[in-house]
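The following block contains the structure, expressed as structure tokens.
For reference, chains read A, B, C and D in written order, and residue numbers begin at 1 within each chain.
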Amino acid sequence: MSPECLIVAAVLLPLISAALVVACHQRPNLRETVTLVSGGLLLAIVGRLTGSVDARPAINLVDVIPGSIDQAAIAIGFHAEPLGLLFALVASGLWIATSVYSIGYMRSHGEQHQTRFFCCFAVAIGAVMGIAFARNLLTLFLFYEVLTLSTYPLVTHHGSEAAKRAGRTYLGILMGTSIVGLLLAILWTWQLAGTLEFKAGGILDGHVDPLTAGLLLALFAFGTGKAALMPLHRWLPAAMVAPTPVSALLHAVAVVKAGVFTILKVGVYIFGIDLLGRGGSSVWLMYVAAATLLSASLVALTRDNLKERLAYSTISQLAYIVLGMSLATKSSVIGGGMHIVMHACGKITLFFCAGAILVGAHKTRVSQLDGLGRKMPWTFAAFTIAALSVIGLPPMGGCWSKWLLALGTVEMGQWPLLAVLMISSLLNVAYLMPIPLRAFFREPPETDDESPGTGEAPLACVIPLCLTAAGCVVLFFCADPIYQFLSSITWK
Amino acid sequence: MNLEQLPILQVILPLLAAPCCLLLRRSRLAWGFAVLVSCSSLLIAATQLHIIHHSASGSISYEIGGWAAPWGIEYRLDRLGGLVLLVLTAIAAVTLSVARRLLQEEVPEERHHLFFATFLLCLAGLSGIVSTGDLFNVFVFLEIASLSSYVLISMGRSRRALVAAFQYLVMGTIGSTFILIGIGLAYMMTGTLNMADLAQRLTMTLDSVYAEGASIENPALPVNQTRTILAAFAFLTVGLALKLALFPLHAWLPNAYATAPTVVSTFLAGTSTKVAYYVLLRVTFTIFGLAFTFGQVGLQFLLTPLAIMAILVASTIAIYQGDIRRILAYSSVAQIGYLVLGLSFATQAGLTAGIVHLFNHALMKSGLFLVVGCIATRQAGLTLESIRGLGRRMPLTMAAFVVGGLGLIGVPLTSGFISKWLLVSAALESGRWLVAVLVVTGSLLAVVYVWRVVEAAYFLEPDDKTTSEPHDAPAGLLAAAWVLLGATLVFGIYTDLPVGVAREAAASLMGVGS
Amino acid sequence: MILLSLLVATAVAIILLRDLFAAVMLSGIFSLLSAGLFVVMDAVDVAFTEAAVGAGIATVLMLGTLTQTSTRERPAPRLDWSALVVVVLTGTALVIGTLDMPAYGDPTAPIHQHVAPAYIAQNVGKQSGRSETDDDDFQGHVPNMVTAILASYRGYDTLGELAVIFTAGVGVMLLLSGLPPTAGDTPETNPAESEAGVDA
Amino acid sequence: MGLFNYWTVIVLMMVGFYTVIARNNLIKTMIGLGIFQVSVFMLYISMGKIADGTAPIRVQPSAGHEAIYSNPLPHVLILTAIVVGVATTALGLALIIRIREAYGSIEEDEILEMDRNS
């Protein structure tokens, strides 16, 4: 298959698998097999594509908005470039892990509507592929909306009143920002540049003055609600009512990363790093990101609910990536891109662990975890590794991306930001490390000694979380290939 | 067949078919005949649009009875008219083909033939309005269309339909009387009723329209700067705004659409306001002209705020409705706001957006009302409470609703997105920032009212768990709904037909190009 | 002038009357008066139609309706300010519109210059010195110009007019074709009244 | 006469219009609609009138004198419009009869009140 066909296949495969999942709704085993097989196939396809990325294969499917006198037609089209490919690789790789994990989790929890769950999951992955490979802003916007809509049923999965309320917040913020902000920004870009294609070096250079660029960037940054920049972050903690696999893949990887990926991609291919760096139009974004980063970490400290604490941690980590883009130096942008991978791997592990704790020990609060490490050693070992990676300590992958980001602040001479990064890392330690420490070193409370179900979660849950934890370590050693892979995006 | 006779055939066919329908008496026969007629109309409309689109002049003209314009009545169709006719006849054909099934619950069988006759008359009236190039003839056909729609609406199952029809009758008659006054005043100052002739004479000076030796104060004044013409324009516009249900003259519409038989809501939602919009375009652009409407009168300063109010207020009201049909009806009022907004920009891009939205919204809203009809075949209640869990009971039906709803919101790949895209980019192009923001805010409100239905159907459990077995609407009905809503998907992806034709039509309305 | 004053008086009386029967009769008189006015203004055909249709048919229809419903207006009529404002605004707009109008009866008005002369010339071609052969559609066979135009140049409007009547006829049949009212609903009428309506 | 004729017609029109929008009684509304429409017809006919003209029916020419005819076109239009008006009235009255059957009232506020309560 030609690379062009592979891209289309990568987008369609999850969607086809979603249809198959619905078709097999009577037979759960077959249904889960479909999910796993498509996960494997998808990873293979995306893997094959990495080989041909230098050629930048691109394909247009259909013209959606016909061109007029001064504006080009806009098509639904895909292309493969390093940043998107990396994102696709992460999402497809972790989809397999999550699928295995969800099978264990959903069955041992006896959840309702499992077919709807797996179907929507597959559609969401398809949307992520679409976002990763989008050739222009319209295509990206399309799949961005598909992702929002397909994850809504996952968020409200329990159907309880709380879940529905959370679902409304989720949909309201994500849809609202995307329509009012993102769509408007896209249209404005179209008016200014006459095209929406992602081009190396950007398309806006020469069409805008710094002030307009700043405003446009603001529309993009706040229009992308999925990036959870404060004050538009509320949907993320709300979405934690979802089953843990959903929180793990979608709210640690797919959805939020789709947000920051959009911002990165807009920064690199629409504005161009030169334009951002030169005009200083992104300076304000640095401070918003820095503020988000710090305050989210502080809020995370105060949360006792494990998943909620992780959610605030995610908000803070996303801000790192936005910060990387807004610094607009080569190393910071690459650092931002790399942080997508590193954080994805770390955070998904943390969520897996949270889910495993829920399944194995029925605990949701940090304060309930005392002494649990002895009963669930694998889970908490994985948790420790992932936490270290998120904090950014060697020998975990997370240290490289943070290093590059710090380098970026130094290059720009933004010393206060460097300080912010350092403080935030300390805060990371403060809110993440107590969890394994409590689990391993505190005595378990004596009252519920005899409570049943205190052991490891099912194997289907434990194996994926060990694998992703191992991934965090492996990434430490793979950082250079990723760096090389990404470094081509910043040049024209 | 002689293709030159098509324009008249378009109107005469349903007009003469109506009495035939009456004679057939048997419900099934009359229905079959009506379907046949509407399908032929569709065919004629498609052929006409094809001819127009490929003709050099971009329009066809037909002199009725061979009496030359401006003495006789002329039929004149350009791309815009062709497009509107196509939508009109397509919706009529689809609606009629399922009408019998839908009517079973709502109108006793022995009155079906009367119903179909009225339906065809309505179709004839609407086609006549679009085709004619004579202002008074517009009034006559407007009355045919209006009278038949009053009757059709009054056929609704509940007695509220009667009141709604009466209110509509009063409002509609006021509207058409205003239009009649406007026509009269315009005729008074020009001496003609033919639209093209009228447009030309309006720009002449007073001394050339008066006879020699008349005592006029200001002989060099162009006719269109007289107060009389100004009043004519005002009355025409207000009358049309009533027919169009432009905010704040929309009061009749929600009641009418929500109580009429679903066949009727389906048909009227997609056609009658669209045709009124068409006439508004004709009046503002073809007859009075750009310079008069937007330069001298400054209609945009009135229409833009009204359109935005329509979008925001009607969408907000839609959010608080408990009945699906009322939600859709208020949404229609909002969508009319989008149409008028496109017009009020007075730019080619804005006009294109308006025309494209006319096309798209007609398909969407008819499709959605048809879905409501589908639901009504299976259960009596159409409130948000009673459709709880319907996503599982009628999966295909509700899926169609979701498609239409996404179109109303303007999600990409639906045709609703294309029209909003064009509208917002037209606003940006002319530097109307605030308008652009308000338009997207309107979409946001659409998210809310559409989502309330979707949430009820998919994510709320029914109060009484009577049956959870899938039990979709009858296949024919479902197919018709999917044809219309599928078309919104197709035209959301392959946009050449509506956008291409609309661009050319807008160009000719603006006086650019041909 | 007298006719006009009478018309205004009648119209005002109609508003003020609470007795619907009298109001209907007055509206018949209103139609008759206006028919008289039409004659004064040379529109004999229109006058004839108005007398027959407006004063005759419409009044009969109204009376027929009154027999089915009540003949008194329930609440005492009072002044509706919002309606008054709308009406005054509309009226003002119209009056302003008249300021630039050609005076009543002005033979030089635009309306008499374009299109209309050709119609008249068709009928009285001989007198205006036009040749009888080439452009004379009627050759003087139809003395009434209104009829001639109605059936020829604007014959299509007349067809439309027929369609309007037909529509109304079908509509009335649909509404009142002797079927039990509003099946599936619970009207709050007593049976006697419903039956009275059915016999219409 | 100048414009006086037009103004009186306008006054009539507005009396009719007021009756339509202000009256509560459905039959009164229809009567108002009738007055409104007939006044518009008068407007049309007024503009067709030519001073010293005769009705547009061909008269035998008397020597040396050519008859002035009033404009026939407004008459034609109004003939159509009268019929349209009566058709509307008929339909409106039929609706009133049905409303009376269904609600037992022909007062608009009472009817709306009933709808709200049911």
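What we mean here is this: a residue touches a chain if its C-beta (ideal position, glycine included) is under 8 Å from a C-beta of that chain, and two chains touch if they have at least 3 such contacts.
Computed from a prediction, not measured in an experiment: that's the story for all the values here.
Contact analysis places C-D first among chain pairs (by count of C-beta pairs in contact). With centres defined by CA atoms alone, the chain at the far end from chain C is A. Of all chains present, the one whose mean CA position sits nearest the global mean of protein CA atoms is B.
Distance between chain A and chain C, defined via averaged C-alpha coordinates, is recorded as 71 Å. Once the centre of each chain is set as its mean CA position, chain A and chain B turn out to be 45 Å apart. Computed centre separation for the pair chain B/chain C is 28 angstrom, with centres defined by C-alpha atoms.
Listed for chain B are residues 136, 140, 143, 147, 150-151, 154, 159, 162, 181, 187-188, each touching two or more other chains.
Of all residues in chain D, those that touch two or more other chains are 13, 17, 21, 47, 74, 77, 80, 84, 87-88, 91, 95-96, 98, 102-103.
Two chains count as a pair here when they touch; such pairs are A-B, B-C, B-D, C-D.
Across the interface of their complex, chain D is touched by residues 4-5, 7-8, 11-12, 14-15, 20, 23-24, 27, 30-31, 34, 37-38, 41-46, 49-50, 53-54, 57-58, 61-62, 64-66, 68-70, 73-75, 77, 79-80, 83-84, 86-88, 90-91, 94-95, 98-99, 101, 103-107, 109, 111-112, 115-116, 119-120, 123-124, 126-128, 140, 143-146, 149-150, 154, 157-158, 160-161, 164-165, 167-168, 171-172, 175-176, 181-182, 185, 187-190, 193-194, 197, 200 of chain C.
Residues 15, 18-19, 22, 64-65, 67, 70-73, 108, 110-111, 114-115, 117-118, 121, 124-125, 128, 136-137, 140-141, 143-144, 147-148, 150-151, 154-155, 157-159, 162, 181, 185, 187-193, 201, 209-215, 223, 226-232, 234-235 of chain B touch chain C in their complex.
Of all residues in chain D, only 1-19, 21-25, 27-28, 30-32, 34-35, 38, 41-42, 45-58, 61, 66-80, 82-91, 93-98, 100-104, 106-107, 109-110, 114 touch chain C in the complex they form. Within the complex, the chain C residues that touch chain B are 93-94, 96-102, 106-116, 118-119, 152-157, 159-161, 163-164, 166-168, 170-171, 173-175, 177, 179, 181-185, 187.
Across the complex, chain B is touched by residues 62-66, 68, 76, 138, 141-142, 145, 149, 153, 156, 159, 164, 167, 171-172, 175-176, 179-180, 183-184, 187-188, 190-191 of chain A.
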